[in-house]
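Contents: one structure, followed by commentary.
Residue numbering begins at 1 within each chain, and the chains themselves are lettered A, B and C in the order written.
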Amino acid sequence: MTLLRESALVMGKDLRIELRSRVALQQILPFGGVVLVLFAFALDPDRGLLSRVAPGLFWAAVLLAALLAVTRSFAVEDANRARDGLRLSGIDPGAVFLGKAAAIAVELLVLEAALGAGVVVLYDVEPRGVLLLACAALAATAGLAATGTVYGVLSSGLRARDTLVPLLVLPAVTPVMLGATRAFEAALDGVPGDGWPWVQLLVVFSALAVAAGVAVFGPLLEES
Amino acid sequence: MRVVHLRSAVCLLGRFPALAGADLDVFAGEVVLVTGANGAGKTTLLRVCAGLAPLRSGTAEVLGHDLRADRRAVRRAVAFVGHETFCYDDLTVAENLRFAALAAGRPASAAGDALERVGLGRLAAVAHGRLSQGQRRRLSLAVALARDARLLLLDEPHAGLDDAGRRVVDGVLAGAPAEGRTVLVASHEAELVRRYATREVQVTGGRVVERPRAAAGVEVAR
Amino acid sequence: MTGKLLGVASGVSLAVLAVLALVVVPPDAVQGDAQRLMYVHVPTAWLAYLAFFVTAVASVLWLWPRTRAPHWDLLAGSSAEVGVVFTGLTLALGSLWGRPIWGTWWEWDARLTTTLVLFFLYVGYLALRRTGATADERGKRCAIAALIAFADVPVVHFSVTWWETLHQDATVFNPDLDVRMEGFWMPFTLVFSVLAFTLLYATLVRTRLRLAELDEGREERELQRAIEERRRAEVVPA
């Protein structure tokens, strides 16, 4: 029970900081939008290619924006040595992990909603299979946030941290990128039956990532 | 009861041995003044006692917990006031304090009490990023008080404070024994702390040297 | 002494392997001479996985309090370095082999894709190893990162295999590079190649580990000197 209470405390703190500073809203979200526009330049919109590969482009944009969200989440703890305060606070490191990951997940879900609308408008995609889309997005987001948070604390306090996080996170979340893209494709193609197994894969990945995070966050927070 | 027990403690900052074999014993209820030149290792000594800096070698026990085995248990029971506030720039003074109090398992009311005690009540709704240096100092003290720690580690608590602020620090130092807190104070302004100190040690070259009480006593009398 | 013996043994066995693979074994009935690449491709791939397995085991031994010792961390790093080199070689050799047989340098086949992701996972691990200032700071992060990477590999493999089976119709070739083993010399040379390369691996890791230990020893001596200097630096006033 304490774990949940403390997680909520940390999540509330991180979300409140984002609400106040607007970095997620004014920098990360527009960044995701720019990436969507860039893809349109790279793949000629007239040949119908964009709408066919929209799921992959959408998740690539989310992945890139997620890296920024992770970096931001740990930059907040660097100012005024707030990380030391967090370590001194006595909060269970597992709760710090769950709280920070949950805050990143909430930010990503908002981002996905906005980018999703952007994909519908810009890439000429008709949303179908909303239930599958939502479930896949939820499971994928949990996996992304958990993995990102683990690697965020793993590289916090190191020099070259900002360049290290993308290198560590991107290969590790290959299954998320694959699973979420296939599930979205299945939903948009109107064959949701093909998509649900991928959602299961995403759920398994996320569960593993969350469990790993709770287990290793203590020793890592100690170290940083 | 022994609150701090360090033997041959070596602590590295990167590759630099900030502590090079420090021995220190502090007993419950003491207020120990730590003096020493810049770079002597005062801050690192306090950070080791807080469980924030790891030991490379040697042994350390704080509040009965072995620092090498269980730094977390130590961290819960200490409060550290340093050069940085450990607060978030985008949150208000009240929000920062509330978070610190709740995180330490204290009621939210502890935050309000601490705020009044350091005289920051009227700034409760101001964002931390907008505070002056002196106000940040007071907020650090409030965070420490809200935690109700048994060991108080103060790193240059008087620095950057006006007279009113210094009186707040003095109040904390004077009240510590009655409140059951043990205090380690590192300070360049030794004469400000000596009045309250029960003992004085000097940090030199990463080691701790006891200063005879008589010397401190003479200066108090002066 | 053991080191020299290992070095000589791996050198000799690699030379024997060269003769076996290039001269003794007859060319493959279907693939011709290109198939001879198998005698380096298969052992390098085996070594890549062996190396990362050793890294994972060494990391566990470092994390386990009872077996914690600095050299496990060094072994994990040394083995990962060798592993990354061999993973890169596997990918390059596989690509060279695929070109004449499949007619393409790269195919998004499950095994290839997993190996490529594996390569990047451990490049990241090596980058992480180079950032910490001291061994103490580095050890725990790196051990945990190695275990996460190792645990991630099966999940990656599972998802790409699944992905590949779904677009099977798009594949233009038989994704199995399975060669029919014929006669005595083909299987013998393959087994021998794996043994020879394993010896090479042992030699390389041993040498790298020794280098890392010397490096650690030097750092330790420098640290002791720095501590002595610091203790002397200022004279304590009476």
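The rule is simple: contacts are C-beta pairs under 8 Å (C-beta built on N, C-alpha and C of every residue); 3 or more make two chains touch, one makes a residue touch a chain.
Here the structure is a predicted model, which is why all the values come from computation and not from measurement.
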Comparing B-C with A-C, the one with more C-beta contacts is A-C
Could you tell me which chain lies farthest from chain C when each chain's centre is the average position of its Cα atoms?
B
What is the distance in Å between the mean C-alpha positions of chain A and chain B?
38
So, in whole Å, the Cα centroid of chain B is separated from that of chain C by 49
Euclidean distance of C-alpha centroids - chain A vs chain C, Å:
31
Any chance you could list the residues of chain B touching two or more other chains?
54
Chain A residues touching 2+ other chains are 222-223
Of chain B, residues touching chain C in the complex:
10, 12, 14-17, 20-21, 37, 40, 54, 56, 202, 204-207, 209
For a test of understanding, state which residues of chain C touch chain A in their complex under the given definition.
117, 120-121, 123-124, 127-128, 131-132, 137, 140-141, 144-145, 148-149, 151-152, 155-156, 158-160, 162-163, 166
Residue numbers on chain A that touch chain C, as the complex places them:
150, 154-155, 158-161, 164, 167-168, 170-172, 174-175, 178-179, 182, 194, 197, 201, 204-205, 208, 212, 216, 219-220, 222-223
What residues of chain A sit close enough to touch chain B in their complex?
6, 9, 13, 16-17, 20-21, 76, 79-82, 84-91, 93, 218, 222-223
Quick one: in the complex, what on chain B touches chain A?
50-52, 54, 71-72, 75-76, 78-80, 82, 84-91, 95, 99-100, 102-105, 127-128, 143
